[in-house]
Amino acid sequence: MKRYVPFRIGNISFLMNYRSIAYVVGLVLLTIVLIILSLGIGQLNVSPIEVVRALFDSSTDMNNLVVQSFRMPRVLMALFAGAGLAVSGAILQGMIRNPLASPDIIGITGGAAFATVGFLAFFSDRSNTLTVSIQWLPLASFIGAIVTGFLVYFLAWKNGGIKPMRLVLIGIGVSAAVQAFTTMIMILGPIFTASRANIWITGSVNGANWSEVWTIIPWFFLLMAILFVYVRRLNVQELGEDLAANAGSLIQRDRFMLITLSTSLAGIAVAFAGGIGFVGLMAPHIARRLVGSSFGSLIPVSALVGGCIVITADLIARTAFAPLEVPVGVLTSAIGAPYFIYLLYKSRNQ
Amino acid sequence: MDAIRTNALTLGYGEEDIIEELDLVIPKGKITVFIGGNGSGKSTLLRSLARLLKPKEGSVVLDGADIARTPTKKIAQKLSILPQSPVAPEGLTVLELVKQGRYPYQSWLNQWSEKDEKAVQRAMEVTGVKDLSERKVDSLSGGQRQRAWIAMNLAQDTDIILLDEPTTYLDLTHQIDILDLLSDLNEEENRTIVMVLHDINLACRYADHIVAISNKTIYHQGDPDTIVTPELVANVFGLRCQIMNDPHSGTPMCIPFSRGRRKKDASHARKMDA
Amino acid sequence: MWKGNFIMIEKNKGKWIGLGIGSIIVLFFMWGSVIWGLTKIDTQMVIDSFLRFDGSNEHIIIQDTRIPRSLIAAAVGASLAMAGAIMQGITNNPLASPSIFGVNAGASFFVVLGITAFGMTSLMSFTWLAFLGATLAVIIVYSLGTLGKDGLTPIKMTLAGAAIAALFSSLTQGMLTLNEQSLDQALFWLAGSVQGRDLNILTAVFPYILTGLVASLLIGKQINVLAMGEDLAKGLGQKTWLIKVLAALTIVLLAGGAVAVAGPIGFIGIVIPHVARWMVGIDYRWVIPYSGMLGAVLLLIADIGARYIIMPAEVPVGVMTAVIGVPFFIYIARRGINE
């Protein structure tokens, strides 16, 4: 079968890559299987067939309640948070032209953590109850992520532009700084706040509810739609500064837009699921192994791989150590860090 | 007819000037080669012609308009540059790379028109990488890889192509191979080619017009047959040499003088070996 | 390395004099660390507390709090800065330092592991756990650094360090989420502080720190050679592996010792070596002692400042050093490092 096939209607035209489409379809199926498995396994085990039945059934027996109200939002949150972090990482890696970059390393996650802890400390009264609704917490984290993203961006600005590597290094520095402040607030505030904040920082989809899922979904698809328009620009960015300029792209303007998209995608993910580490690093890399570096294919595949990683990690995190429930972020880091070392090892002579 | 000209162009990084008040004319439809020692600013000059480096003062004029005031996409349709030893993203296929050359002609809905397809196919045919189109760029040999990059420039379909040392890191066979390809592009498609070359002998063979750069400005320029002299080599490269006619092409060839090692009586060397 | 070495001391004699003046400044701030703070204390009281200890509040504070605190700040500051200087020298990376390369995170991980998994509670046990964790982190980052033909590039090395730090802190937080009580105990340690540490802790670790200090002064010359690049150093006949192992051991002793006493305190190891190079150039025989001196001064000042900012409460000194260090880090990163 031919790998590349053109698609043209009037003035709309694209080059489609059948192999990538096959991967996307395969990964969608894999995601569905993982979702069904994840919905079925837990304290109450439900067989896959029962899960499917429960999804389309409106009665209120125990299975339906567990699957629809408890597990489904959690699994969907894992899917979208994983996808958001993965795509955010894919953008950064392409733009920075370095496979070792990711939203957690450049401080986006750290900034969100700081905002979260600050929110919990600032809006708590003496008896440790929040003075405003907890529903505002995701907004605070999101703002933290965005503000940090732009802070890093502007600090990296020099001589009329940003250099991607400078961005990474400054991100590492800013990340360390916000971490120090986060620790300070946790120490000075009541232990209750600290413990709550700590779960958030580690990253967890435990307790995700439907209203949160319905908040993240439209944002996710909106950002992905804008990103789709920018894929072309991302493709030339990836060739490096000189060649992007040669192709006639407005490099700094595109970079600004791409950073905004990357930060926002990571921002919505961490806003609801906390700092799930290393997904933004691993997923795009695995995706690149599957479909190469062209972003039209890389972005959807990264998203799906990221979703699958977090769904699987969360499934393991809540079942393997039962009755203890480990935050999913611990698990992704435990897989991610060795993976990172493997990447370093592989690229050691470059 | 000139393809590009510069007016009192001053270039540099930070405080230091690398090129000062340079007026240069690149002839249309010819192969122009910049030569000069390390750090003479020949690459810097080439980059500024392609608006990759903003001039400190002066301007670069393309088709009668200052490139600093021309929309960058418009320039990309007239002029393309291949930087020195570019690196392709991991896993990118040749087709995906060459396709990037069409960027200045695309919009976000119209990303693969028939015109795009034709230009890309042709670029791959001319450069001989069509059979490799589904191979990954990072898996190609040095010579193939350089051809793929040149194909990307060709897909951009510009009258002017600039290349910064297109033969670095290639062995001799592939150096000749790439330069022959560029010479064909010039002759058969009448494209203006401007490049930086390290090897003065290859420069003399392939260039219609040589620009020798030294001391932040042009030392001399013109037809290699007339301008390449021992004096030029001494002043531009600081090397004493003899200029002979290349036995193959008849173009000037530089025989450097050295102090040591295996000095035989030149006229008898061959016979003695036999 | 620096373009404008406007305050660079050129002559060796000047450097010796600078070292002398620096030592006096260190002593001045050590004295300041004893007398300044919420409880007013003057020099006479300090002398009295040694000669005629009367059990008064002030005397107890001097003997049990202020003096240990002053000594610990000086020792920890000096150790961290010297460890940073050696790291920067052998990895050729201006951003190398114990905190960026995950040493602090490794120490924190082990302390929390000790609390949650083995129920350890004494500060002394934390000290040894931290030492162990720091050592492990140094070994990991160090082995990563030797990957490849000529070691990792500075950028990769920095990213590797950041990733190791991220791994350790994620595991640390994971353990803490499981056990709220241990969080309370651990947080105090995790903040990094020179306060509330008993002098016993310093005396327990001091032999290691001292060995590290002496060793780091001795390997300065070798680091000068190694800083030119491994191939060159080998070509000059240096047993580079031996120097690297010795340097690693020194880093373990210094950074491990420091974090064992004071918990994770960041950025001193980055900032100070740069200031030292600013003053004495790139000769590591001088950079290392100057780093030690300046590091002690910085941590003493940061700790004194930490007492006054939100009096009567105190800012963790780790936050103070971050506030001072981050702008500096950003300045270095903006100036550009070799890719």
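General remarks:
Chains here go by letter, A, B and C, matching the order in which they are written, and residues are numbered from 1 within each.
One rule holds for everything that comes next: a residue touches a chain if its C-beta (ideal position, glycine included) is under 8 Å from a C-beta of that chain, and two chains touch if they have at least 3 such contacts.
Chain labels with UniProt names: A = Iron ABC transporter permease; B = ABC transporter ATP-binding protein.
Predicted model only: the values in this text are computed from it and were never measured.
By C-beta pair count, the most extensively touching chains are A-C. Set against the Cα centre of chain C, the chain with the most distant centre is B.
Inter-chain centre distance (chain A to chain B, centres taken as mean C-alpha positions): 43 Å.
Computed from the mean C-alpha positions, the centre of chain A lies at a distance of 34 Å from the centre of chain C. For the pair chain B and chain C, the distance between mean C-alpha positions equals 52 Å. Chain C makes touch with chain A in their complex at residues 95, 99-100, 144, 147-149, 152, 155-156, 158-160, 162-164, 166-167, 169-171, 173-174, 176-178, 180, 183-184, 187-188, 190-191, 266-267, 313, 315-316, 318-319, 322-323, 326, 329-330, 333-334, 336-337, 339.
Of all residues in chain B, only 47, 50-52, 71-77, 80-83, 86-93, 95-97, 99-101, 103-104, 106, 108-114, 116-117, 134, 136, 156 touch chain A in the complex they form.
Residues 98, 100-101, 104-105, 155-156, 158, 163, 165-166, 168-170, 172-177, 179-181, 183-184, 186-188, 191, 194-195, 198-199, 201-204, 277-278, 281, 324, 326-327, 329-330, 333-334, 336-337, 340-341, 344-345, 347-349 of chain A touch chain C in their complex. Residue ranges on chain A touching chain B, taken from their complex, read 3-4, 6-8, 11-15, 94, 97, 99, 229, 232, 235-236, 238-243, 245-250, 288-289, 291-294.
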